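Next up, some structures in structure tokens.
Each of the two complexes below includes chain A, the first together with chain B, the second together with chain C.
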Partner chain A sequence: MEMNSVSLKSRVSNVEYIKKRGKDLFIFSKQIVVLDVRGLYHMKKELEKGVEKSDEMLYEAGRLSLMEIHESLVASLGDAAVTILSDRESALDMLVDALNNLGLGEISVLEFKPAIKFAVKHSAGAQDYVNRKEMSRHPVCYALAGMFAGVCEKLLQSPVICKETRCIACGNNACEFIMNTKKG
Partner chain B sequence: MGMIDKNIKHEVIIEEGKTTIAGQRAMLLSVKTIATQQKELERLVGEKWGHVVYEAERKAIQEAALQIFGLKQLDSFTKGKTFDKKSMVDTLIGIFNCAGYGVLKLKKFDEAKPYVLVTMEKSTIPQEYEKRDSPVCFRVAGILAGGAEAVFMVPMKCKEKKCMSMGDSHCEFEITRR
Partner chain C sequence: MVSIEKGLVVVAGERSVLIPPTFITALQDMVMKEKGEEWRKIFYEAGKKALEEIAPTYKMLLMIPRNSEISKKKIIDGVVEIWSWMSCGRPEVTKMDFKRNKFTYRLYDSVIAKPYIGRGQTMCDYFSGVIAGGFGSLLGAELNCREIKCIANGDEFCEFEIEGV
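This part shows the complex of A and B:
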């Protein structure tokens, strides 16, 4: 069956990220499932009931998922991948563009140098705190932080740590993330 | 008897970076990502992982389904308004079948008990697992339990009786009162 676009085009490269086959959705030929964002809030609450290091798990799962998206992107670009992805700023724009189609929030790059910083409005991982008028003492977007770490690791070809410095769950207007090089 | 809104859009809509299904905010993750997250959780907490995923989805989807049907409070049914529950179940199955987990089919429905038996063919998440001796579709089971709670307005539970990860030809879920 022919794949139809869901009318999404990247402002960077005209790549159509999300495609539809029958009722099923795909990103770079990988099948997608749809999750209600409330599930992230409830997942965090369930994990808080006694699962140690759950934040690290969510971070790592986010990081690994981005690795997979990146590999799929490279495969979909084919021979052009090396050229397109060699310009790191353009490559970052492209990956952010792809992420902006996943309903994670409205993601933008705040800075590229000296450190990469991201801003996210209406973060899927934190929006329910706002909706429920619940204030968190700490940022809560661990999966998103992991994804950004994955983006930057692929881009910079070196391990990084992503830290969320502002979060709407803590009362900030938007979530912000900064990337630091991993030492040791 | 109250009518279910026939205009509920089942499919996923992606517009200007906002993703919704049946009017509810959603996010999209690859099947492999979901499986990776589940395996990480299993590595971290062992058998308890299924309960964590199940409960998170049950609570999320109960809230979502209530909103889809325009019911803001759990006691809406006690205020003189009743709905065709079979029609509600059909609506939720229609929405579910646009979400990429597999193809759900209603096999048994008993409003009085209440009791629902559904099968899921072409299940996507089990395909990311090696064959094992326990089911893996806790996320789907939680979704079904949460949806059933919004329909029947009583606490419900869902148990996966067959799973493709165990070598079955399809997955099967039994939804009963909790």
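This part shows the complex of A and C:
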């Protein structure tokens, strides 16, 4: 189990997850772009103004984008991917290590069983609410929830739903997310 | 320009996230499906508002002296240099007319437009908003930005026309 973890770590560029080619940035060979947190906030706000189910759209966009990162990781591992990712708990730890380079906030895994739970300090999806002293009655990190769902779905090879249960935009100290298996 | 610590990414003095462009294009696609052409305004406004708020950080970063023709050119050069670090494509300003506040901005290999190559439309409305908000706030003028060429429309690069409202 430990070996898997070590080999995954060494296979993904000695834990330098973000690579530069010229001025472009990549993670596991997948190009990533810089989106300022204010852009994320305003995108959410503009969508809320006139788009139905904008929260679901943010979730889905997050899910698809992180599934792509996972696919790039698998491609970069090559034939070893199956073995390395078979220890799902260690693989998740490593993936979280990688995700902590994306500026989404300080992510940690609170629980793996019976359900995967994540905690995020200073969530990029909600920090602007805090900065603006804008209290929300419900959690706001839909994009992050979708991102976690994308990662877990690929890792567990089964559809999941991620729900944010605590959020700094609601006055909690950190954001928390729980993953449930999608039924039906 | 880019600083990455655990959980926190700061680019040009602003907290940022690093995400695949799919996040923006998938979102665009979903909004387009529901709202038709209105998607353009939504993304334009989001980009514009974000950059209007970020402009003071850029001003500090660029250490811009008080208004003058030279400093306006410095502003534009400075902001283009900052945007070249956004991993969104290679930006360049090809025309600057400060008297009439008219500019032409080019973006090579726009990451937003790339997935839409062959679509026959301009697709970088988020960037249009970013440019209008960024240039406008830094130059102290209300500007409008329109994408006139796009790689999604078969052009060699994406090109934006910026002018005073």
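Following the convention adopted for this analysis, the second predicted complex is superposed on the first by the 169 of 184 C-alpha atoms of A that agree within 3 Å, B and C clash if a C-alpha of one lies under 4 Å from a C-alpha of the other, contacts with A are read in each partner's own complex, and residues count from 1 in each chain.
Keep in mind that, in the parts below, a contact is a pair of C-beta atoms (placed from the backbone, for glycine too) under 8 Å apart; a residue touches a chain by one contact, two chains touch by 3 or more.
Since this is a predicted model, take the numbers as computed values, not measurements.
Trainee: When the two structures are superposed on chain A, do chain B and chain C clash or fit side by side?
Mentor: Aligned on chain A, chain C clashes with chain B.
Trainee: Once the shared chain is lined up, is A:V51 touching chain B (first), chain C (second), both, or neither of them?
Mentor: both
Trainee: According to the stated criteria, A:C170 is in contact with first (chain B), second (chain C), both, or neither; which is it?
Mentor: Neither partner.
Trainee: Please work out whether A:G39 is in contact with chain B alone, chain C alone, both, or neither, and reply first, second, both or neither.
Mentor: After superposing on A, A:G39 lies in contact with both chain B and chain C.
Trainee: Using the touch definition from the top, say if A:A61 reaches chain B (first), chain C (second), both or neither.
Mentor: Touch status of A:A61: both partners.
Trainee: Who does A:V130 touch here: chain B (first), chain C (second), both, or neither?
Mentor: Once the two structures are laid over each other on A, A:V130 reaches no partner at all.
Trainee: For A:G103, using the defined touch cut-off, is the partner it touches chain B, chain C, both, or neither? Pick first, second, both or neither.
Mentor: In the superposed model, A:G103 contacts both chain B and chain C.
Trainee: Pick out the shared contact residues on chain A: the ones touching chain B in one complex and chain C in the other.
Mentor: 18, 23-25, 27, 30-43, 45-47, 51-52, 57-58, 60-61, 64-65, 68-69, 100-104, 106, 124, 127
Trainee: For a test of understanding, state which residues of chain B touch chain A in their complex under the given definition.
Mentor: 11-12, 14, 17-19, 21, 24-34, 36-37, 40-41, 44-45, 48, 51-53, 55-57, 59-61, 63-64, 97-101, 124-125
Trainee: Considering the complex alone, what residue numbers of chain C touch chain A?
Mentor: So the residues of chain C touching chain A come out as 2, 4, 6-11, 14-24, 26-27, 30-31, 34-35, 38, 42-43, 45-47, 49-50, 53-54, 84-88, 90, 111, 130.
Trainee: Show me the residue ranges of chain A that touch chain C in the complex, using the header's touch definition.
Mentor: 18, 23-25, 27, 30-43, 45-47, 49-52, 57-58, 60-62, 64-66, 68-69, 100-107, 120-122, 124, 127, 143
Trainee: Using the touch definition up top, name the residues of chain A that touch chain B in the complex.
Mentor: 6, 8, 18, 23-25, 27, 30-43, 45-47, 51-54, 57-58, 60-61, 64-65, 68-69, 72, 100-104, 106, 124, 127
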